[in-house]
Every structure is written in C-alpha cells, then in structure tokens.
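First up is the structure itself, then whatever we jot down about it.
By letter and in written order, the chains are A, B and C; residue numbering begins at 1 in each of them.
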Amino acid sequence: MRRQIPLYIVLVCGIVFVIQFFIPSHESEFIFEYGQDWVMVIGILALPLGIWSYLRKTWLTAVKKPKERFFAGVSLFGFAIMMLTGLKRESLMAGSLYMELFEYVLIPIQATIFSLLAFYIASAAYRAFRARSVIATMLLGTAFIVMLRLIPLGPISDVNQALVGWILSVPNMAAKRGLLIGIGLGAIATCIKIILGIERTYLGRD
Amino acid sequence: MTTVELLWNGLAAFLTLCIFSFLYKDNPFYKFAEQLVAGVALGYWTMLLYHTTFTDKVLIPIFQQGKLHYILPTIMGIMMWTRFSKKLAYLSRIAIAFYIGVGTGVALPLYMYNYVFRQLQATVVPLQFSWLGLNSLLMVSFVTCTLFYFFFSKEHKGTFGGLSKVGIYTLMAGFGASFGLTVMGRVALLVQRIIFLREYFIALFGS
Amino acid sequence: MKWHEKMLNIDRRWIYLILGVAVIVPAVVSFHVPVNVTPEVRRVYDFIEDLKPGDIFYVGIDYDPASLAELHPMAYAILDQCFRKDIKPVVATLSQFGAGMAEQVLSEVAAEYGKESGIDYCYLGYKPYPAITIMLMGVDFRVPFPQDYYGTPIDSIPMMRYVHNFDDLKGVISLSAGTSSEFWIIYGYGRYFMPLALGVTGVMAADYYPYLQSGQIFGLISGIKGAAEYEALTEYKGEGLKSIPYQTTTHVVILAFIIVSNIGYFASRRSKK
C-alpha cells in the first residue's frame, strides 16, 4: 500500500494534466493554476532538505576529521555570516552588508572557478584536436573555422563570417535538430512510463 | 574608488588569486576560497529563499491573507522532511508522487509539441530553386541522415550505412561548432577576471 | 626526444603560462577589433527598437556569477536600450544567484536615466523551479510573484496594475546560462506563444539554432561576441566590446596550439612509416 498510493497519485495527476492541455476551458485552467501553485509550494518546502543535508555533512566533517576542521569551519562561518547579515528583507537591497558579501565574495570566487576552464579547454584542444580520421577532421575543421571568426584577417574574415553563419544554420542546426527529436521522443517515452507506473525509481527503496 | 570600495575590491582580488593558484596545484588558499564560497552561497540562497519565496508563498498567504487552501501543499511539503526518518520516509512519497505526476502530465504534450512536432514542421519546407532552396534541401538531408545514425534496429551497411555516415559527419560538424563557441565562452570568463584585476590594480597603484 | 615528439608533448603548465600571457597582452597594449553584426542579434535589437514608449517588455536575468562575464554585458545593453526608449522592463530571475546581480544591473542603469522602481520598471525578484514559475507567469504574474523583490504587493505597483500575464507584454528576452532557456521555449513559448528571444552563453549557443529556424525564438544573442554585437548596435560602451581584443589574442594562441599539435602528429606518423 505504501508504494501503491503514490503510483495511483502519479497516474491520476499525470492523466489529468495531459488532458488539461487539450481542453482550454475556465475549469481546466483553474486546475492547472492550482496544480502548479501547489507544486511550487511543495517544492519550496522541500528545499530546506538540501540546506540541512549540506550543514549536517559539513558539521560531521568538522567533528570527525581534524585535518578538515578548519575548512569545514570556514564553510560554516560563511553560511552563518550570510544568515546573520540577511535577517531583514531590507538587506536584499544594494549597499547592505549581505549584498556586499554577495558582490565581493560570492561573485569573484564563482566567476574565477569557472574561468579556470579556459586553461583546461586550451589544453584539451591541444591534446585532442588531431586529424586522426575523417570524423576527427570534421570536428577539428568546424571548430577551427568557428574559432577563426574572432581573429581579424581582412577580406578572409568576411568569407569566414559567412561560412560560420552557414555552418551554424545548416549542418549544426541539422545535427542539433536530430538530437532534439531523439531527446523529445526519449522524454515522451519516459513520461508515459512514469505515468503508467513502469518507471518507479523515484519511489526509492523501502 | 573610495577606500571602502578599495578594501572590498581588495578582498575580491585576493579571493580571485586564491582560485587562480589552483592552476599550479591544489593548495590551502584555493581550498579556503572554495569552502568559503560554498558556505556563503548557501547562506545567501537560504535567506533569499526565506524572504522572497517562503514568506511570499507560504507565510503571508496562510497567516496574513487566510488563504487556507495553501495548507494542504504546505503539509505535503513538510511530508518531504520525513525522508530523514526510516519509519516515516514512505510519507514523503505522497508529495513526490504529486510533484512528479503533475510535472510529467504537463511536460508530455509540451515535449511532443516543441521537440518533435515543431522540429519536424520546420524541417519540411517547400523546395525552391535558389541558394535558400539548396540550403533547405541540405538541411532536410542532414536531419534525415542524423536520424538514420541513431536508428539501431538495422545494421549500418550499404546505402543505409552510407547515409548514417553522412549523419555522423553532420553531428561532428555540430559538435565542432559547439566546441568553437565553448572556447569563446570559457575564455570570456577568464577575460572578465583579468579585466577586473587590471582595473583594481590601476585603482590601487594608478595607471 | 625528436622535434615532433616535443611538439606533441608540451607540458600543460607551459600551455597555461602562454595562455595567461596572451590574455594579459590586451591589458597592456590596446588595439581595436571590428565586430560584425549577425542577423539573429540584429533581430533582437530591431524588435526592441520598434517598441513604443510605455510598452512593457520582460527581461529575464536567468544566470549566476559563473556566466556573468558573457551575459551581464547583454543585460546592461538591453536595459540601457529599454530605458533610452522609455520602454518599461519587467525583470525577474529564475537563477538562485541571479537576484543580486539583477538588482545591481537594474538599479545602476535605472539611476543613469533617473527611472523609478514601480513606475518605469518593475523588479519581481527570484523564484525557484523555472518551469513552474514560467507557466504560472503565463497565468498571472501575481501567482508566482505576489510581491516584488522589495516586498511591495504587485497590485500596489502602478506599472503592474494592468499587467497580468504574457498577453500584456510586447515580448520576452531571457538571458540564461542553463536549462532556463530551454524551459522558456518549452513551457513559455510552447504554452503561451509570446514573442521570445534568448541571450545564451557560448557553450549553449549552437544548441539553439533549431529553435531559431523553427521560429520558436525570434532572435539569439550568443556569448560575449553576441554581447559585443549588441553593444555595437546600441552604441553602449560596455564590457562586451572591451573583451573582444582579449578574445582575439587567446584564440590566436589556442589555434596555434592546435596547429602545432597537428604538425607534430603528422610528422610523427610520417617518421613511423
């Protein structure tokens, strides 16, 4: 019964909301609005689970691993300081300590972490982009042409820009469309399997 | 820049350099910045969520506006927390089931429309004897060949094998274009940090 | 080690160092790189340019600091264009770290033009679950956003009095760095058919051409080059155009590395034969 009830809920909700799409009436819009609104409220209340999990894990690291204690402490300190500085709704406005910490701690670190990828992608291009076969040459050739558009080469640039435009809107578009249709069919099949109760991994184990 | 701005920007520059130090090897400065951002990000998001989402969508509707129909989803949301108890964890499935049922029901026709119907409709275009017509013909051929490549119920031999080979070449052209644009994207992130450091040092020492 | 083997085995730290030097060069020696405007970017510009004063346009700041370098310049240029033309933007974010950045860019550009919150623009703030938020905005902005970012009830905001859903807007542009843009197409355009344009990161750009060709989106601004193109059109002096010379030097270095590795590869293959 513990597994059956959720399966029935999924079946009923799934079918109701599929039908709702095809019947644009006041009543069906009412169901849609309330269904989505309720899902949002449920989702909002589920988010503290993630926050709690992270804090618990960091706290246990601090307690159990003396070598990691300092860094776990730094993380907890960061969390605590943001909580304290953001207690009032006014702190969401520019100029508050909460927003200054966001601007001068969170933004630079996050932005820099991702900027490291520039170095890794340069290294990856050097190691992986070798014309070993026709397929590899296709990959290398198109990437090369696309990258070349950022280098001013006089009249060659005009030809290159036109070529990049064509690559993006014809072969690239066709490749991505083929993938999209495949993804779409896969997603539809998964949705049907979930609604019919064939796919039930989301229930977890007992 | 005022002195206060210089100090804040100094902190940002120091943290930026802490992260860049990872390029040499993993070190305590990098780890410090990494752990700090995890805590700060979580704290920022928690308070943002509380003020703009939990307050607006749960506290005010129920306690100030008396919208009692919000009580049921609130209870279902709280049922999610039973995931932490082995005995009561099954209760969270009810909320998850509602969430997944509504989500899949809404998504199914929209996936069908956007991923399949609209894409096929845009692929089938009238033939024209022009440059545009040639491109349309190439587009139809490339899309078909790409789909052939993903058709695994028939062995990729003979004409079918040839068509699926055109499909893989098309895919490689697509991935190549993605890679070229990815390089631009990744470099942009690095450039932004370099511009930030340059402007900070100019403000600090003068140009 | 033979010369071609050396070409094939350059230590990663040398690559990092050379790239590092290449990215610093334009910081020391300034030079200009011309930017040509692509039709997909021009369409977004023309769409906003053709709007009348007082028209309401939605701008989604759906990215986090990791993509700030590419998408922030777009946000500045678009909001600048909106305020210059007296178009009233409704701004919201579907990214958890987008709220602070949206507040920053909006208040900065609005202050330049002396625009007032609630009258000339409206900042709705952040809500999680992008797909649900987009669908609920299609029903009524008041459902996902009963109050704006600053806690003012939507009904008390003069500009929003007659704005209920996408039907009351002239169009939507989402600057996004993740699944949000996909959600805007599937759950936004797919359900409500409003004019939709996207500003995306370079990493994502190539994936959105099928939607552009099918007409699900009317325009596409791709990465930092797209941002620079937009700045060139609006004549806004921002970070997009500023970063193009840096892009040029780093691309020269990366392409040089690819050429070196391929020369080394072919030379070593010939010597093996």
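Keep in mind that, in the parts below, contacts are C-beta pairs under 8 Å (C-beta built on N, C-alpha and C of every residue); 3 or more make two chains touch, one makes a residue touch a chain.
Given the structure is predicted, the values throughout are model-derived calculations rather than measurements.
If you take subunit A and subunit B together, the chains in touch with both are C. Across the assembly, the mean Cα position most removed from that of subunit B is the one of C. Subunit A and subunit B, compared by their mean Cα positions, are separated by 3 Å. Taking the mean of the C-alpha atoms as each chain's centre, subunit B and subunit C sit 13 Å apart.
Distance between subunit A and subunit C, defined via averaged C-alpha coordinates, is recorded as 16 Å. Touching of two or more other chains is recorded for residues 32, 36-37, 39-40, 43-44, 47, 89, 92, 102-103, 106-108, 110-111, 113-115, 118-119, 121-122, 125, 140, 144, 147, 150, 168-169, 172-173, 176-177, 180 of subunit A. The set of subunit C residues that touch two or more partner chains comprises 16, 23, 66-69, 97, 99-100, 127-128, 135, 149, 151, 206-207, 210, 213, 225, 247, 250-251, 254. Residue positions 23, 41, 44-45, 48-49, 51-53, 57, 103, 106-107, 110-111, 114-115, 119, 122, 139, 174, 177-178, 181-184, 186-187, 189-190, 192-193 of subunit B each touch two or more of the other chains.
Those residues of subunit B that touch subunit A in the complex are listed here as 8-9, 11-13, 15-16, 18-20, 22-23, 31-49, 51-55, 57-58, 69-70, 72-74, 76-78, 80-81, 83-84, 89-90, 93-112, 114-116, 119-120, 122-123, 135, 138-139, 141-143, 146-147, 149-150, 167-184, 186-187, 189-190, 192-193, 196. Those residues of subunit C that touch subunit A in the complex are listed here as 10, 12, 15-16, 19-20, 23, 33-34, 36, 38-39, 64-69, 97, 99-101, 103-104, 107, 127-129, 132-133, 135-136, 139-140, 143-144, 149-151, 206-207, 209-210, 212-213, 225, 244, 247-248, 250-255, 257-258, 260-262, 265-266.
Subunit A makes touch with subunit B in their complex at residues 2-3, 5-7, 9-18, 20-22, 32, 34-49, 51-52, 54-55, 58, 71-72, 74-83, 86-87, 89, 91-92, 98, 100-122, 125, 134-136, 138-147, 150, 166-185, 187-188, 191-192, 194-195, 202-204, 206. Contacts from subunit C toward subunit B in the complex involve residues 13, 16, 23-24, 27, 66-70, 96-97, 99-100, 125-128, 131, 135, 145-147, 149, 151, 185-187, 189-191, 201-203, 205-207, 210, 213-216, 222-225, 239, 242-243, 246-247, 250-251, 254.
Chain contact summary for the complex, subunit B toward subunit C: residues 23-24, 41, 44-45, 48-49, 51-53, 56-57, 60-61, 103, 106-107, 110-111, 113-115, 118-119, 121-122, 139, 174, 177-178, 181-195, 198.
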